[in-house]
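The following block contains the structure, expressed as structure tokens.
Which chain is which? They are A, B, C, D, E and F, in the order written, and residues in each are numbered from 1.
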């Protein structure tokens, strides 16, 4: 692990990082982390319905989606955003993509990583991304992969909140209070012009996760007054010095 | 939550707290916690085979088991140990037991609680204890239960390591480094005269959990050099300010 | 099954039916069903924190909770609401309660039933209610229980939405469009004076379940424009003439 | 373990042992086992619809069901059948029942036990029986329970096939070839006058489990030509000298 | 969704659609649906043991299997059957296959789709087909995939009954009464000359699923007298106006 | 099945067979089996940290790892060990690898096979190997794959013990007493120079699995005095003549 505090988000489509962990990004930037976002695709074919209905071309769609994502990243004070342009629906997660993502992981040396749920029957890009990320994390840990490079430690992989959590078998074990950066997250959300119908949806999610935060930090007996939160599922166990 | 740092272990039989969380107890005492252990029974009928083979009477068995548990508690510097004497195989977890355990919970106001796995086909006392503990925790949180008493907040319930973990569906999400208190845990283990066959068993467990600690805190890339650890499964999600 | 269209809600505490299936109740009343609500307790000890903080007595709390529930039932046009007053935290689900609930089931002869999720570590009253309801349903089906009474058919048991769905292992398989009765549900919610913090929470839930309804009824390709919905998990398989 | 080969079936209602493990009983009798069947109830209220429709009294129903079960047991050459008459829908599984079943287990000293699936939303008697059996098995193993009696070893508990297996989460890991005793099983089935609709159902089951036996013993490449089989789920791991 | 009622079956090998959903096909044709069957392979290598034992060549096997499937399709009054000839054991589910299946989905615009269980350790072709179908369904929904084509709505994906259901983790939530088309299904089954050993197997299945239909539509209290049924597991939640 | 007793181990990396089933191998050789080990890779990149830290080249690492594995195989009296050299982190499990492994399976005609757990987020090579093995087993069973070759029957696939069992969802259902070959397994373990930190780890595992063997073969009542054991999870059900 580097002395620098770093984190890495791997987002299947350009907008995922905004809805699902925009608060975590903004908060950790505030805490002194450098957060890198890697967008595997722009979500150009599958998550840009409005633009296609307007008759935009593929290049236009990608360009608009990229701009939206960059604006959202700026609102969240993202340290670095990278677009791998792997195509979507489906993502092309072949060997070249793998090499590139391993390089990013090793360059960033994240203290923790963020990606999708392990199952998603609505969107197999999401679940294939997670398995791909686990493979890349494993390769980045291998001393025999590009010997001489700094190998990866054992960062946590947090799975951020999918749409329709219950259908994905996603169960959050960690709630993060994002109250103080909520305005930034909402601003980032509002950069997503093409998905207007999700703005209030994810505001509702954040408010209700705030309720879950309060309920688990003390409930009626007086827990922290978090108003907005995000939920995460950990893939790996934690190692601690105090319970 | 009180200002005092407190924790509460609820152990179905007198020895469970030693094998399963003796390290956590000793460590948290060292960290300034007051750890209370509530033994629901002495494990007199079901977990004292050697004494029965020697022809001891029920009262003798209970007395010997109590002494062993007290000695182990002393080795771990337990703040307080209480014996509810509810009988074992099976435990009598009726209304009176419930009132007593709720009273203990409210008196202790634990920051976290420890108990058994949620399933155990070998030992239904264990799994019934966990459901019982969840019920008592719920009652202790109720403003209308003995109004005027201080209600409980929302402490985590950690499930400590059962025997034959995989058969119990128990999956640890938290590893605690107990290296610095290992000698105390081993000393407590050696108080359990009647279960000699488990001394090395749980030493092996602690060493191997130490390996898991290292693997998850950094792996080959150099994590903490924990030599002994304990694993725990959290029932409730955590609420955090940083991932 | 009777010719009359009937449904039965079994609610552990007085307010559960409002948050969790108020829309389903109002809608089915509108569709010509007679919906009966059986409240096993008032939630007097465990779910009335505000009243206890105000210094109310047990009888006062129960009376206030009953009035709130009756008002909510009226807002939803509930056909009949019954209070079994079994005590809460924990519920007393002994033999007498069982006889009474079996009698209600047989009297109502519901086409479908509604109750809680099968697991709830925060609130064991909820999960014990569901097992209790399954037992009562089974007894009501027995030709040898009070011979001469009309036996129960095989109504579906829908599990309504718990708080923190993912922690309960609850997965909805059915979304009901409650847009046209939303105002009634909101009015019923506002009868719950003691749980103000949940009004907006369950409004958010209803809006987001509306999104799930749309996503599953046609998505971007143009499904029904439901704005509010409720989710349910079926215990039993459906029998159909067309997929 | 005794030198005698013995087995114990614990059946919630009088007929369960016939449909679910009649073949295993007949086969093991043939193999020199003494198989004891303990019927916790006659299934008088819940599984005797035809008799109640005919206007029989409770005593008549119990008597008829007992005779049917005794006839079936005879057809299977059961060593011993015991009726505990605990009532059904629901079973009364209190302390007295527990003492009696523990006594039976210790008297029989079974090499293996047979009982119901661990979940059954249609029939909570079934699932409560299984948890009850696990508790009784545990007590029978306790050196401090009725000291001086021979304690139980660690017999496997096989869960026999429930109705609608998939709804019960039951997954067979063992198929037993019952071809050579099929005629006996069918004869026993035909003793169940009140449940005619299940005769062919369980014949179909036996034939299809025969197919599963063949498929898993060699498939198209030529496995054993079993024509009838029964499936079982093991609760505990096996201990072997050869894989 | 089109005004035409259409459905699409995606069958890994040529015979799967017969055993697993032949009744659903015949019934929906009768209800006015146009049902298309896409056979990804002929099951030529892996499911034609008898033909290989007789010394047939690959082309002969494929031709015979195709004829059998066409005959079965005719017996079921299938609207259209397409053979993709992707090879079996294993299927070649690469990009070209994907394009072709997406085209079929978009051309058919099915109200519902049918395919395999999500897990099958005996036959990985089956489980890979299901993941492939989910990916193709997702692509068919994407506005940016072949813009100008009509995009897919959100049809249900039903998973039809696998062989050895419990090993596949398959749990039916929907039973369809196929009594009135049973003769057609049996006729289609009898077209499968090479798999004689399965004719009675799937007749037994249909009869026993008929029992499940009756049990869930009213049980002893008098449900529909279905004699033959098929079971299905839904991947996605339903959206309804009445419970 | 051949008359010869044979078994096949498929190991993702060169050392896996030693830690995870070295005892089973040595024991079955002693029982007259011919055990073949197929190492898909040398684990050269991902499991040879020490060698890379010492500055070895790729060829050197592979050569050293091969020698270690051969030495371990000799200590276990392995009948045949084959190195497929598919590369690791990740394994290249394409069509060529598939053909080769199917050929090995058909040549060996194993009575049982051994491979990895079905899930492993730390090491996706492991879980991809298991799915790959299931596919190869299926192809080896196909009469149309290389007609004329002897097809495979239906051998059990045992999943050997992964590192951190609970994280992998691995649950052993079979314990094998390896006491009499323990010295051989320890000798094989000590051939693994590069993974010194695992020697005692897997000795602890073997001792504790010995405890599990004893507990399940008779417990306190006196089961077999196994001192070392290995655990395995079966993928397929067993077919038996006696329970």
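We take it that contacts are C-beta pairs under 8 Å (C-beta built on N, C-alpha and C of every residue); 3 or more make two chains touch, one makes a residue touch a chain.
All values derive from a computational prediction rather than experimental measurement.
When the contact pairs of C-D are matched by residue number against B-D, D-E or C-E, more than half turn up again in B-D. Rotation angle for the C-alpha superposition of chain C on chain E: 180 degrees, rounded in steps of 5.
In this structure, the chain pairs B-C and D-F differ in their number of contacting C-beta pairs, and the larger number is found at D-F.
Each chain gets a centre from the mean of its Cα atoms; the one farthest from the centre of chain C is F. Separating the CA-averaged centres of chain C and chain F is a span of 52 Å. Put simply, the C-alpha centre of chain A and that of chain E have 37 angstrom between them.
For chain E, the set of residues touching two or more other chains reads 49, 122, 141, 143, 167, 172, 212, 215, 220, 236-237. Going by the touch rule set out above, the chain pairs that meet are A-B, A-C, A-E, A-F, B-C, B-D, B-F, C-D, C-E, D-E, D-F, E-F.
Residues of chain D that touch chain C in their complex: 44-46, 48-49, 52-53, 58, 61, 88-90, 121-125, 167. By the touch criterion stated above, chain F contacts chain D in their complex at residues 1, 7, 24, 27-28, 31, 112, 141, 143, 151-154, 156, 158, 172-177, 212-213, 215-224, 226, 229, 231-232, 234, 236-243. In the complex of the two chains, the chain A residues touching chain F come out as 98, 131, 134-135, 138-139, 141-145, 147, 157, 235-237. Those residues of chain E whose C-beta lies close enough to touch chain D in the complex are 49, 122, 163-167, 170-172, 197-198, 200-201, 204-205, 207-208, 211-212, 215, 220.
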